[in-house]
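Just below is one structure, and these are the notes that go with it.
A, B, C, D and E are the chain letters, set down in written order, and residue numbers restart from 1 in every chain.
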Amino acid sequence: MEVQEPKRRIPLVGTVEGVLTVFKHVLMKPVTVQYPEEKEYVPERFRFRIFLNLDDCVGCTLCEQVCPNKSIKMETVKRNNPRNKRMIYPDVNFGTCTVCRNCQEICPTDAIYLTHVFETSRTKNSFLYSPEELAMPEEEVKK
Amino acid sequence: MSLLSFTYGIFKVLGYDLATFVTFLIDSIVFLLVASVAVAGTIYFFRKYMARVQLRIGPNRVGKFGTLQLIADAFKLFGKESILPRLRDDLPYKVAPVLVFIGLLVAFSILPYGSLYYIGDIFISNSGVGIILLFAVLAIMPIGELLAGISSHNKYSLIGALRAVAKDISFEVPMMLSVLAIVVMASARTTNSLNISSVVTSELLPYGILEPLGLFVFFISMIARASYTPFDMGESESELVSGYSTEYTGMRFGLFYLGMFGTILLGSFIVSLFYLGGYNGPYSSDIGLIYLLIKAVIVVVISFTVWLAMPRIRIDKFVNFGWKYLLPISVINLVLAGFLTIYLGW
Amino acid sequence: MEFQPGEEKGKDGRKIIKVKKEDLLSTLESLKKKGFNHLSLITGVDRKDYIEVVYHLHSFESNEYVVVKTVTYNSKVPSVTHLWKSADWDEREEYDLMGIEFEGHPDLRRLFLPQNWVGHPLRKDYNMKNVQYINMDEDGEDYATFDPGDGW
Amino acid sequence: MSEWVELNMGPQHPSTHGVLRLKIKVEGEIVREVEPVIGYLHRNAEKLCENTFFCDNLLYFDRMDYVGAPGMEVGYLEAAEKLLGVPPPERAIWIRTIMAELSRIASHLVWLGAYGLDLGMLTPFFYAFDLREKIMTIFVEASGSRLLTNYCSIGGVYQDFNEKIVQEIEDFINIAPSKIEELNSLFVKNDIFISRTKGIGYMSKEVAIDYGVTGPMLRASGVEYDVRKAEPYLAYSKVNFEIPVSSKGDNLARFLVRIEEMRQSVKIISQAIKKLPDGPFFNPKAKKSMMIRMRGEGEVYARTEASKGEFGVYIVGDGGVKPYRVRVRSPSLKNLSVLREIGKNVMIADLVAISGTTDLVFGEIDR
Amino acid sequence: MKTGEPGLITTTLEKALEWGRSNSIWPLTFGLACCAIEMMAVQASKVDISRFGSEIFRSSPRQSDLMIVAGTVTKKMAPRVKRLYDEMPYPKYVIAMGVCVIQGGPYVEGYSVVLGVDRVIPVDVYVPGCPPTPEALTYGIMTLQKKIRGENTR
């Protein structure tokens, strides 16, 4: 299919039409969602920060293996959990985590999962979250 | 009655010499402040208008509706480090932004702004050769741009300055010719056809209706003078980073920035004075200032919409356009104006 | 596995022509004459003791696809820039990352990495532990400095 | 003989769309020589792919053409699934078709907005991004991520389309044609835009073929070639669409071809969403626990029509869980290399306009 | 009042400057990779960074206050990033956007990637994510505003 070039018209007419098309948008409603005040609807599958359910984790190290950029390392935490005999839990380095959700996919007990929390900015380059911190809400994680 | 005599009336008790001095001093300061605020208001209006055209909201965090945004910008620009290029030409580099801004302010002070109830006619200088003075002052600004571009010792700045000059040369002549047509038309009705206020007062039917060609040429020239899209080849952001102002920081850049928007405001004042009937309005002549402001705002809105909707023209095409189209059109316009004036007596 | 010249069909159904390095240019020339005017891709595969060079050719007229394969033991292959201009950057890239020297290339410089980068990263024996710094000289051109210590 | 001035555009320059560096020699305003310098975003994707599982490699492909990530995923999976022997089920094929076409529109919209900025038009950028935001909503609804979706996975897709996604895609189909029309009219009606693009940056058919140019740039030079027709993959043989071609070969032709491609993509999506079959969306052979155990041997080359052109992936496997060698044929690299030819003897402003129509994405060029 | 203590006028001026700086952050048009598209989305209508007075993206480093390092910094690019940072006038701020810039992200094992832009230039705010959503970057800019005003930040 050959694309057609626009027909030659009287000079300036089309230009004025274009200017009017732009001007027309003044009357339309802005589409802006004012972020901090107005919270937008977040889709169910939206994924950002990783959370960990300490009680469900069985320490199988599958998430460590599947993580493509080695953001997940297993760490020993002294904690009374009968299902996790080896007492190893994942810690996540958010400085390299690409939220690819492979860990969530492969986790046999759904202990590690991604959530909607995205307000994770820091003024320091310290993003290594220990297993306990992974279970905390974002506001309480202070470094 | 005028602004000057109004102020003089207030300070009459001080005696003639002192009162005259104080009058001019106070009027100048007030005028400077008003002009700066008006230019800042234009920038704020542009940012809000641009946001609305682009389905956004625009600045709204500082003050009600973001009205203090420009003050925040000014504070920031004042507080910025001033970086001077090592290989600059010192004097021109420092003078250039000031030239642009001063030229703008002087041009503002030449225009008449109509009258308002008690104050009377508002003007600072009502020179007998106002039109010549106005365009002489307007011709200072490109010198500032050229100096800025050459003295920065930056290739982008240099190309930007050369483009700006090429652009200026190609629209100055048509612009002057179309203004000359105004003078020709006004000369039939007023004895002092070089005085801006008498030209505007004689303009009972707006000259824009009598000389649509002149309006077209002049409007395009004003866009080119203010150098925004489609004629912003001098500082074309996507090609030359920032053109002649690439190397400027802080308040020096702020002066260029103010100068650009100030020229838009000035241009819309001049267009509405010369072509849209200025402060002449249908009812009372006491609110001439309001008429003028309304017309100026309309022209400003048109200018901004053109800015936001147009791509940038190529410099050689613009030079062609200037010499091959604008110049003949303005000559035809001049001839037509003479014809209308002499034979039809309009 | 010994390299044998000949034809075969690949896993994806494409015709693969295996040629010796000496016959490469003549094969490609004759293919170009047959209408394969689009050189899609040049690939080097490091098989540890030799390097496989794979050419993907395509003809717009007959919509045919053919893969030409050759091997080189001294990482030198004749350049095909005179046949297809698109080979220019492909060969530079393969020289940069794989270390194949294309003999007769007009301007064989590194494409992605700085000019004096040490080693060719896509080789299997490239040591990823060696850290190289990059700096700029006065003209704004990059040069690499080799540093086995900790780096960026 | 006047002197040529060397001018260095980039790597940080508003018109270079990322980190392109153009070393140009100008004579006054006229560009006499262009030498693109690339590699400022060389992120070693090909090397890293060799050290990662087949399933994880999608990560690096997402980040190649980041403005249209699903299109890249499709390209990789075409090759990887042949190598691993896990073909996707019918429903996944159709879902991937929809995602690939959406990503083509998203990519062209980014290009359209950026091209407006290149020419100095401030506003179309915002309208284009406004429309693109609708696609991003679909992406985030389907995959959970806006830009780098990581949606397709080996043997199918990550999660099924639900009612809401189908509804949003239908909404998008309803509004998209009128919005595209409006965007198009903002450009082509404008006399200055026509003067900036018509007859500028002419590329002949022979030059295009010689330099290996593909995609919209090739079609704008008069070669009616599209991998979707020439070697159909996914569900493209089962939908009706046309290949836009132009014989003019200038900036305007490239512009119009891309606009027309967006329209055709909307057409494909509207057909695909009607034909979307029921059934599984995942090949059971590639289930979760198999993710890191899939092995592949042999070599496979698969090519797809990404938004920039022919995107080829060549994977060599040695029977391990990781690929032995991955080679990517990036369309933008070839499209950029022709700039040396068509960017000569034009003005600086035209160079910007020409490099705008090549639609560069550096994640894909430098990899 | 002892010498050396800031006086009333100085503190007021300082406060005013901080207020101005925090509300008028002009970013540099500097996109490196994937995150640049989200940076453009921040500028676009849906999120609209202009509400915070930051919509003026200056393309000359001389006129910008904020450098959003959006995308992987490779070793070839790092000297340029440094040079651009040096060209910016004080006070200048840097936001590291995306995990590539923070610690290398998915390319952490690559041979030509700088593992964190803070090895080249000082960084004020780190915004993790790959890429961070426009809202997340807006949150980062708000964090930077808080930092400029001297409020508590994490």
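Quick note on the criterion: a contact is a pair of C-beta atoms (placed from the backbone, for glycine too) under 8 Å apart; a residue touches a chain by one contact, two chains touch by 3 or more.
Just so it is clear, the model here is predicted, and its values are computed rather than measured.
Counting only chains that touch, the fewest steps needed to get from subunit A to subunit D is 1.
Ranking every chain by how far its Cα centroid lies from the centroid of subunit A, the top place goes to B. Set against the C-alpha centre of subunit E, every other chain centre is closer than that of C. If each chain is reduced to the centroid of its CA atoms, subunit B and subunit D end up 45 Å from each other. If each chain is reduced to the centroid of its CA atoms, subunit D and subunit E end up 29 Å from each other.
Between subunit A and subunit E the centroid-to-centroid distance comes to 20 Å (mean Cα coordinates, whole Å).
Separation between the centroids of subunit C and subunit E, computed from CA atoms only, is 40 Å. Under the contact definition stated at the top, the residues of subunit B that touch 2 or more other chains are 51, 53-57, 237-238, 241, 308-310.
The residues of subunit E that reach two or more other chains are 45-46, 48, 51, 59, 76, 80, 106-107, 109, 111-112, 116, 130, 133, listed in rising order.
Residues of subunit C in contact with two or more other chains: 112-113, 121. Counting only pairs that meet the touch rule, the chains in contact are A-B, A-D, A-E, B-D, B-E, C-D, C-E, D-E.
Across the complex, subunit D meets subunit E through its residues 11-14, 17-19, 39-44, 47-48, 51, 59-60, 63, 66-67, 110, 113, 125-126, 129-130, 133, 136, 146-148, 362-363, 366.
Of all the residues in subunit B, the ones that touch subunit A in their complex are 49, 51-57, 305-306, 308-310. Subunit B contributes residues 47, 51, 54-62, 66, 69, 71-76, 78-83, 237-238, 241-242, 245-250, 253 to its touches with subunit E in the complex. Residues of subunit A that touch subunit B in their complex: 15, 18-19, 21-23, 25-26, 28-32, 34. For subunit E in complex with subunit C, the touching residues are 75-76, 78-80, 83, 109, 111-112, 114-116, 119-120.
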